[in-house]
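Please find the structures below.
Look for chain A in each of the two complexes below; its partner is chain B in the first and chain C in the second.
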Partner chain A sequence: MIDPLFLEGIIKILFVFVLISAGLIISTRNLSSVLTTYTVQSFLLAAVSFLLYLIDGKGELLLLAGLTLASKVILIPYFISRIEEKIKIGRDLHFAYLEPTTSLLLSIGIILLSYTFLSKVFEDLPLSKLFFFGAVIGLSLTLMGMLVMFSRKKVVTKALGYLSMENGVLMFGLFVTELPFIIEVLIIIDLIILVMLTTILAVGMDSSIEEYRQKFRKLQVWTGVESQ
Partner chain B sequence: MNILLETLVYGAIAALVSGTVLPLLYRSKNTRKTAFGLSLISSILLLVFAGTVLYTGKEPVFPAIGFLPGLDFTLAADRLSAGFILLIAAVVPGVSIYSVEYVEHAKSEDGKNLQAALTNLFILAMLMVVLAGNMVGFLIFWEIMSLSSLLLVLHNYSSEENKKAGFFYFVMTNISTAFLFLGFISLFRLTGSTEFGPLEYAAGELTLPFLSLFVGFGVKAGLVPFHKWLPYAHPAAPSSVSALMSGVMLKVAVYGFLRFLLSISTPELWWGVLILTAGSLSALFGVIYALKENDIKRLLAYSSIENIGIIFTGIGLYVIFGVEGLETLALLSLVGACFHSFNHALFKSLLFLCAGSVVHATGTRKIEALGGLVKSMPATSALFMIGSVSIAALPPTNGFAGELLLYQAFFQSFAVTDPLLTVFLIIALSSFALTGALAAALFVKLFGITCLAMPRSEKSRLAEEVRKPMLIGPAVPAAFCILGGLFSKQLLSLAGWKIEFPDLLLLGFLLGLIYAALFVLIRTRTKETNPSRISETWRCGIPTVAPYMEYSSAGFSEPLVMIFKSVYRTKIVHRAEYLDRQESLVKNGNVEIRLVRFFEEYLYIPPARAIEGFSKYVSKLQNGKLDSYVLYAFLAVIVLTIATGGFV
Partner chain C sequence: MNTSFLLFALLNPLFALLAAPLYMALIRKVKAYAQWRKGPRLFQVYYDLKKLMQKEAVYSPTSSWVMRFTPYLNLSTLLVCSLFVPLIFVPEPAGGLGNIIVFLYLLALERFFTALGGLDAGSAFGGMGSSRSMSLAAVIEPTMVVSFAALAFVLKSLNLHRMFALTAGTVLPISPTLVLVSISLFIILIVETGRLPVDNPATHLELTMINEAMILEQTGKNLALLELAHALKQFLLMGILINTILPVGLSTEIDAGKIAVSALLFLLKAGLLAVIIGLFESSVAKMRLFRLPAFYVMAFFFSALTILIEVFA
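Here is the complex of A and B:
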């Protein structure tokens, strides 16, 4: 049996890495790097879940770690890398509303906000420091994912932002709300379907949403007739 | 006893439900007849039911019907609801009989059937609102009532006028419902229950429910300044529906307000002052606007505003006297308000039905274009006169009896000790008296210009008497009007109110004797001296007597319009173009004289403009870009986080 305090120390270190990965997703322009970062982030989450299992001994946490590993580290990144191969475009250069630097600065604000907010909310609850930090990082990760969604132009990056948002929800659930396992499973199934759909609709993956719509109109995808 | 009462109510409900469903299933004249027959039957059942409850004082509660978890509603009847059921039951027979013929004038077969079905649904909804034992049922049926009447207002939906009326009515009725929701929710927060029941709370805690319910019910009842929908909706609806809307639906709102007010043990004085002020203003403004009106149905709609004002005057007096501890006077005012509600339901439905006949026979709603109907439509004119006499509160009709109760309450208000309050009551009394006088003038004008003298237009000259059902229909409320007046003392004591009230039967008898004696006297005197004098009318040198020489509607009201110039706010707009710079040679121009629609232009349109401007600004946010929408969501989340964290 490993010493729980030691495990908690490792989890805290992993927290730092999760935050770094979130920062990277916000600022990286290379699409494949974003995907790698997301994979790493998911892996970190699986690891956190596994370590928590070692501390608590709840079987659900182990299952969750396995599920995360299978879906978010292997399956989803596989699909997305297929898309990226197809669209042959490696970089997301344009931004809406926010440049990466401002986004990073804003993220710091978000983390501070989550911290003060949650310390107010949890002041009466007997929550240990570790769980409190987990919750703070979960909330910040969710908000930072959202930040990615509206500040990046390319659809692939938007999808990755969404996925990273879900990671934040998972993280928050792990530490605070004891999300029922079944719901987590449902969310993951949802995500996989989302990613599969994106793969199918990969015709315009390299474009922004507006260009995407243009392409659809041109191809008349919905009527099934290909125009000139 | 309870079983009998239950059977009566369920029977009436069943009749109305089948009256609603049948015309939707089968399209034929007979089905429509059956539908109106069913509403007639239901009203008879209700008449017996309400009479029994009022007479015996039994308060039946029916088993709860749970139709959704947590949303069960009960039916219950006490003396208050029985009084208003009686009101429904008194108006519906006339309307049903009238509608059998009237509805056949609708354009399409579908329209006729729909009108029959919706009329039944409308009656049913009003009945259920009065019977509702808790707020859930009340609101559900309130909405059904509003929707069915909206559809009836929109019966001729292709015309622009109807569309506008329908839209106005829709908006106002929704505002009313919104305020009711607010009021009921705040009550629910206070009591934790949806039942109507005694509210043993300090008046301070009830301020929000009171204000929101006052506005909510006030909008529906057509109280000034929320009255704007009435003059649009009533003319647009079929006349039989106007009779129901004005006669019954406005009273349902009064009922709701009374239901709330009577459950409070200690209201505050300012509530009473507020209600009385709103009532007096409604009464006065209603009649003043009506005087100017030239459209027969719109005139009646304005007169409804006046009468609602009278009813609220009574309610205001009830609250004031109640707070001052004058129990007898409070009861007197309350009975006055209730009795006037009942009376107004009768004579206003009578007048609307007659107006419907007149409009049908002549094809115009303009009073100026009518005249001489007493010769071509004698029966309708007679009924119209009974309605006019009642509403003008002349003895011995029921209108007189109702207003007499309120006058009695006013006259005894010297018992109030507060000098300021006394002055206020005296002002209210004088405005009330002025209203009464103006109302009398109004109906002299309406009846005189419409029915007497020579026809003013070809349409009016060619008018023919309407068919029997359209005469028997209004005859029912007309009979009630006279009987209700003559037997008012007996009726009030039968209903269990022990109040001082003169016997109008005796008064009526004496009046009859005096009239007969005068008639005989004049007859014999003139016979002795000069049987008749035949001579030429002086015609200002014009060879024949022409209709345009008659006193017109506008001419009749002109002196009053002059007196109340400040209320009508006549606006004169000049516009001219000049040929030269000195502005002495006019190229062209026009002068427009119009009435400022005060409440519309100063109360409704400015906020509407503001909202419109704001919406334009907001619509810029909707730019069709996904990024922006996610950004909004993001900002919303951040704001929420800050707010729930307690930082603001």
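Here is the complex of A and C:
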């Protein structure tokens, strides 16, 4: 049996890495780097879930870790990397409302705000420091994902922002509420459908139906075969 | 002033001075391998320094005492700085040495005089380099202060000696926030030593030069001193980063065996860090000058976050 205090120390270090990944998602311009960062972030969440299982011994946490690993570390990044290959856009250089620098500075404020807000909410609850810290990071991750969604212009980055937002929800769920496992599964199914929709929409957001059909036929996103 | 500190004051600068150029060479070597080249021998830097030392210094007729004085000032400032960063063993604190604020100001002094030296010769390149360096310094300085403040906040002291005495010998970083600070410190290391993506130390190209432009007019012995000072600065900043995040093996006692082990371990860890820096440099492209603040803001973000977490969590 591993010492729970040691495990908690490692979870705290993972928290820090989750925050780092959130900062990177906000400021990176290279699409494939954003995707890699998202994959790493999801992997970190799976690891946190697994470590919590080692401390608590609840089977659901183990299942959740497995599910996160399968869907968010393998399946979804695979789909998105396929989209990125197809749309042949390497970078997201245009920003709406906020430049990455401003977004990063703003996220410091977001974290501070989540802390103040949650400390008011959880004032009377007997929540341990680790769990409170996790909740704050979960909430900030959600809001930082939102920041990515409205400050980026490319659809793929927006989708990744949304996915990172969901990672925040998962984190919040891990540490504060106990979501029934079936709801987690439903959320994951939702996400996969979102990614599929993005795949379809990303190629033809700006075109008419005819142009869109042509583009779609040309890309053959699903079969993976380039048609003539 | 006690014996432990006297021994430290003798050993630490000497160790830093001897080992520093090696890591310049190691980074160069890693970069060369990353580009499928062999690169110069590791000890080539020492031969270069020796050769430069034997050459006479040539001065531009428009230059003043600043140009003659700058190399000596830079090297002596950094030698004083090396008293602030324990590399092989942590002495008992003495005489206010180790204060992080003084350390920062000594680095600022060195930067200031390098810029003055760049302006002094009256060449267009020197002036351009100085102007770039100073405008970047104005942006990185607040970030640096916040990062070191975060470090001081986590380790509950303003004295580098005390900080390292606290971290010495641990395997995991004693606080998760040190991981965050170390990222800021890494960015500062990259910026302060003029490496990619901020500045390209390998070229003399007008578009990319910052640091090189300032020392372009220096020759002979003076150039050697400046190169040595630059290597020393990099080595000391590497030392701060290593002793913060991976202080395993750092000795706090005066014992010949322990000091030897600690020095050897430090050389290994610095080697590892140099390889990381080399790989990092090989994987990024030079940033546009006006994009650089975005890079610095990362460091600022992580340090500010560290302070937030330390205060609240």
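Operating definition for what follows: the second predicted complex is superposed on the first by the 200 of 228 C-alpha atoms of A that agree within 3 Å, B and C clash if a C-alpha of one lies under 4 Å from a C-alpha of the other, contacts with A are read in each partner's own complex, and residues count from 1 in each chain.
FYI, a contact is a pair of C-beta atoms (placed from the backbone, for glycine too) under 8 Å apart; a residue touches a chain by one contact, two chains touch by 3 or more.
Note that the structure is predicted; figures quoted are calculated from it, not measured.
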item: Partner chain in contact with A:Y97 - chain B first, chain C second, else both or neither; value: first
item: Partner chain(s) touched by A:D124 [first = chain B, second = chain C, both, neither]; value: neither
item: Which superposed partner A:I111 touches (first chain B, second chain C, both, neither); value: second
item: Greater residue coverage of chain A in the superposed arrangement, chain B or chain C; value: C
item: Touched partner set for A:D3, first chain B, second chain C, both or neither; value: neither
item: Chain B versus chain C as contact partner of A:M149, first or second or both or neither; value: first
item: Partner chain(s) touched by A:E210 [first = chain B, second = chain C, both, neither]; value: first
item: Shared contact residues on chain A - chain B and chain C; value: none
item: Parts of chain A lying in touch with chain B, wherever the complex brings them together; value: 96-97, 110, 113-114, 116-117, 120-121, 143, 146-147, 149-151, 153, 209-210
item: Residues of chain A touching chain C in the complex; value: 9, 12-13, 15-17, 19-20, 23, 27, 99-101, 104-105, 107-108, 111-112, 115, 119, 129, 132-133, 136
item: Complex contacts: residues of chain C adjacent to chain A; value: 172-173, 176-177, 179-180, 183, 293-294, 297-298, 300-302, 304-305, 308-309, 312-313
item: Interfacial residue positions of chain B with respect to chain A in the complex; value: 625-628, 630-631, 633-634, 637-638, 641-642, 644-647
